[in-house]
Amino acid sequence: MSGNTFGRQFCVTSFGESHGAAIGCVVDGCPPGLELTEADIQRDLDRRKPGTSRHVTQRREPDTIEILSGVFEGRTTGTPIGLLIRNVDQRSRDYGSIMNAFRPGHADYTYWRKYGIRDYRGGGRASARETAARVAAGAVARLMLARSGVQVTAYTVALGGVATSQRKLTEIADNRLGCPDNEAAGRMEERLEQVRKQGDTLGGIVEILVTGCPAGLGEPVFDKLDGELAKALMSIGAVKGVEIGAGFAVAGLLGSQNNDPITPAGFTSNNAGGILAGISSGQDIVARVAVKPIPSIAKAQQTVNLAGEPVIVTIGGRHDIAAIPRILPVCEAMVCLTLADFLLRQQAVAAGR
Amino acid sequence: MSGNTFGRQFCVTSFGESHGAAIGCVVDGCPPGLELTEADIQRDLDRRKPGTSRHVTQRREPDTIEILSGVFEGRTTGTPIGLLIRNVDQRSRDYGSIMNAFRPGHADYTYWRKYGIRDYRGGGRASARETAARVAAGAVARLMLARSGVQVTAYTVALGGVATSQRKLTEIADNRLGCPDNEAAGRMEERLEQVRKQGDTLGGIVEILVTGCPAGLGEPVFDKLDGELAKALMSIGAVKGVEIGAGFAVAGLLGSQNNDPITPAGFTSNNAGGILAGISSGQDIVARVAVKPIPSIAKAQQTVNLAGEPVIVTIGGRHDIAAIPRILPVCEAMVCLTLADFLLRQQAVAAGR
Amino acid sequence: MSGNTFGRQFCVTSFGESHGAAIGCVVDGCPPGLELTEADIQRDLDRRKPGTSRHVTQRREPDTIEILSGVFEGRTTGTPIGLLIRNVDQRSRDYGSIMNAFRPGHADYTYWRKYGIRDYRGGGRASARETAARVAAGAVARLMLARSGVQVTAYTVALGGVATSQRKLTEIADNRLGCPDNEAAGRMEERLEQVRKQGDTLGGIVEILVTGCPAGLGEPVFDKLDGELAKALMSIGAVKGVEIGAGFAVAGLLGSQNNDPITPAGFTSNNAGGILAGISSGQDIVARVAVKPIPSIAKAQQTVNLAGEPVIVTIGGRHDIAAIPRILPVCEAMVCLTLADFLLRQQAVAAGR
Amino acid sequence: MSGNTFGRQFCVTSFGESHGAAIGCVVDGCPPGLELTEADIQRDLDRRKPGTSRHVTQRREPDTIEILSGVFEGRTTGTPIGLLIRNVDQRSRDYGSIMNAFRPGHADYTYWRKYGIRDYRGGGRASARETAARVAAGAVARLMLARSGVQVTAYTVALGGVATSQRKLTEIADNRLGCPDNEAAGRMEERLEQVRKQGDTLGGIVEILVTGCPAGLGEPVFDKLDGELAKALMSIGAVKGVEIGAGFAVAGLLGSQNNDPITPAGFTSNNAGGILAGISSGQDIVARVAVKPIPSIAKAQQTVNLAGEPVIVTIGGRHDIAAIPRILPVCEAMVCLTLADFLLRQQAVAAGR
């Protein structure tokens, strides 16, 4: 495959540009017999959709999912599941002014260098809209994992310099930012509003928690569980860093601090983040990703045009202030896809024992 | 493949345990006509080998490479390159005392859960010794990349809480720790000595710098260059975090700070770390990894045995205090393998233009 | 991937059932800059479509292709090409009578054993309708190959026991059966009519000729060009045998007869069928496939139902008498996809020379 | 992978040339806990080895297998199994006379076109010696299959124009040619002797029979069981055709003749060769391959040299008269590898049901 297929046993192949006819994907390798309806997928898609607040784009993207194949009488058949989302509000005229300029922090320049093509329509394949296909596929993976008791939840632990001081998962649904700390969420909202007025954007940190994951998932040495999670999460456009468990903090720890002691009742700490030697340990899996500020800012920026001449761009259109919270279901989807794949890969060899 | 093959076009398949007969790998997809001798590989292997100081294990592991195939009259033929390193000093008796206990922070527990096997011989496949095969394969990739002007260098930017205050690449070779700051390297050595006496171990941070990388490498959307680098680096046993460019710092930046302005003379900053939208931009690629402390410590640790009973383990044998600096050539190897693969993948489609 | 993706560099992922909402595929890895319109694809689809004569099914399957992504301003962008064909005439009621019986020679029994599902709607994923997605993807590959001067043509060399006595390629378009021998085509039509009246069906042999293929395609040792062609062609439902060049006739030849002598003007024969040691030689590539009779026959047949009880089935509905000639563009598509993939794979390593 | 890896879940990666230091392979994905010794592998290797009669090469190739990894205390561990066979009798001087000429029917010409390299040492990677690695890997697969009751047997059904008139499997071991018809075997030996005196070589047909294969193996639509078997067998250098069940004979059958009726006691015929719609049916799997005459003949042949000038070559050295019977264990190995892979792939999705 040429970069648009993820997974080996539970596989998703994605297609589509933000301003083309449609986006979608093919989920191949899903076991037969899984109950699946469009509503199961729509639920996650709706969490990713824009237009729910001032801080996210007001574009109308209904993101209505259609299951094209692979489901018969409400259950998966084991054959590939085709998923389609039509694009309905492309308004490519908004992008006319930046047709010939490379927007800083955007895919414009590298896509042009790689493909020799300048598709100026709002990012094309590099648009965050592409992640809707990930979310749709991830919803299928999530259902499969649920049968095994695996739950995947992403939440905001920092935004625009405001960090949470607790992880109260019950509060995630209380605020619009998916933050397990209502008080911090309030301050994050203030920061978003402040920066919105400045015509600027914000970055943050998302944590993903997996509960109920059986021990034994992950395929050493190259396809370690943490390695594949890192790829899965870093393949999301806005992500610039991934860490597992104690993450970068391990650099300052002693071995005696970092090692998680084992007792008959289980591990007494979880610096490993649920993954030891690339294999799940049965503990909660904990990952965090660094989310960069949305590159589309209203402020004037220095760049060059296709002719290499210096120009100043100011990006209009309707854009989010932060990738958070819309990135939360995308992070969950990529973790679900990774775990679903490893669950099947482990079944392949363990079933014969 | 089942977890031991890396890459799609330039591929390495690895095998071998620390206490078996040999370790090695097969490099498949290397173009024909590349000058390659055992000395080219041995050079990198020697940088990884133990026994060069008090802080690294004194085991005799000569790591002598043998090229078994794929080279004729000093050049690669385009057929698979078989690489073999015999194990010569296994001394599995050292591990007798921990035969039945799961060492905290080690692969013992998860390998047992995954495979149902307790291979107590010093880590077996999960031993850091496995990385010698990566270094050998990476040396071949490095030669291929050098023809295109790509250079990959890893160096230590933090160890045991001591951080470098500069990145003077000329100083990397001056000190034993591969640190681009001789003064910091001195303090790191002191910290190592201190912790060695305590029977404990240290973590740190390694930065990898790629110069000369052409624009256009990376395959959106899932096989982004940063995604594959994250996988490649996170697949190294001791790594618990990966970041690109500004990395986790982006969480606190504004869009106007994080976006790298473009001028006719090029980008004026490199927060992106040389990768935009998953594709190399032609700037230097910059990645950092968090390296956990070596889990084998001399201090007593709480754990359980195979019967699930609580036991105290004290790990003897000859072990490093830190994975740094031996991990440096491993990081370089994984980055070389990733870039070699993407270089060929890009040639596949770009050649026809 | 889980069985529905073909190719490594030029890849197609297929989805869809005969009686679901749609069939389609994603073509990933097509180089950018290739001129591509829906008409280019429709042309091949129309050659595969039913309803053009008495001997093929009269169902209305307009097979209208829609390009969903990957094309901008009439050219491919290098991103995945989503292709969609809606199903418009499913009439699943025709299949009611065989809902609980396993039709001999059909997928019914093995799909049920594999997936534990009985999708009785006309074959579902195993229907020949699935091949429309192959033809659509193959049309893209064909365009890419044409740029390199490669032409792929399939034609009928035997049908119902009637064999061609010549291979006059100019006559292929003269008759409805794609036969390079108008006289034989006439006798084949008589045989079809005769068997149609008996409520029976016919098998045949298709030959595929590739001209203009450059030397050097194919990846020893497992991914030999003939190996992948064999897989590609045998993966078509009706195919039970594949041979290259002299094929099964080599069993009766002496080495001195079978070896193709080489002269300064080229090879003087082509028993090898254009492939030596799994690599194209630059000669014409010649392959033949054995096509089984359509299993849906009007005659009464002995079988069992889901309960394992003996039943007699008579298959109504509208079915072809022979897979020929509709299988011809499918054979071409699979060969085009195989060659496109190997062309890119060869460019990956040869470009650096 | 670049052509030297076979399989997706049970994978083998092969390396080595006939006149290099060694050949071997890495088997990745074998489940843990399988009893495996070098003797298990040596048994199959010995069936492939030369020097057992006048009709096969007298070179000394002891083909001694060494297990380098992946086995602990007599059982597989689930980690990659490294297998090594040293080359001990290369005598590359024998090939000096054909250093600059392209031997008809050999890989010389196409390897030179593909790789730009002229490795004149007896075929190098294209030598039949490469198949020893397949046999070694296949022996591991065979053991795994045996646990599930699957047996794979290849035998000679035609050689030099002499066909068997029966398939009495008990007679296979009675004669040196692996022929299930002792009387035919006698006539085949006479034909071999006759042709040996003429300095020529012979082709034949091998049939492979699989008993005990469970229903449900194979992954539609592209990775059908027959498709992968066709690739597996066609990837053997000497094979020019593959057919399943009735094979090419289906071209002359009516649907009513070809369809295998189903009764409560099972299928009443096996024209399908145990595979329906790409999935095993539980019947015996039957495949046949066409084996070309060994291209190395003692007779003078017309060819060109590297400069493109016409030359006459006469190939000395010690060569077989026919690839049969040494190819028999190679055919078995490829079928074992294919089935082992599909068995694990099926377990991946079926285990969760």
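First chain written, first letter: the chains are A, B, C and D, and each begins at residue 1.
To be clear about the criterion, a contact is a pair of C-beta atoms (placed from the backbone, for glycine too) under 8 Å apart; a residue touches a chain by one contact, two chains touch by 3 or more.
Quick caveat: nothing in here was measured; it's all calculated off a predicted structure.
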Practice item. Tell me, please, which of B-C, B-D or A-B gives a repeat of the C-D interface, judged by over half of the contact pairs matching in residue number. Key: A-B
Study note, to complete from the structure: Maximum distance between Cα centroids and subunit D occurs for chain A
Check your understanding: In whole angstrom, how far does the Cα centroid of subunit A sit from the Cα centroid of subunit C?
Key -> 38
**Study point:** For subunit A paired with subunit B, centre-to-centre distance based on mean C-alpha positions, whole Å
**Key:** 26
Exercise for review: Averaged over CA atoms, how far is the centre of subunit A from the centre of subunit D? Could you give it in whole Å?
Suggested key: 46
Practice item. Name the residues of subunit A that each touch 2 or more other chains. Key: 1-5, 8-9, 14, 29, 32-33, 78-79, 114, 116, 125, 220, 345, 349, 353
Review point. Subunit A touches which residues of subunit C in the complex?
Key: 1-5, 7-11, 13-17, 20-26, 28-29, 32-33, 66-70, 72, 75, 77-82, 84, 114-117, 119, 121, 124-125
Point to revise | Of all residues in subunit C, those that touch subunit B in their complex | key: 8-9, 29, 31-33, 78-79, 144, 147-148, 220, 343-345, 347-353
**Study point:** Interfacial residue positions of subunit C with respect to subunit D in the complex
**Key:** 1-6, 8, 14, 102, 104-107, 109-111, 113-114, 116, 125-126, 130, 158, 160-161, 195, 198, 200-205, 215-224, 226-235, 237, 240-264, 268, 272-273, 275-282, 290-297, 299, 301-304, 308-310, 345-346, 349, 353
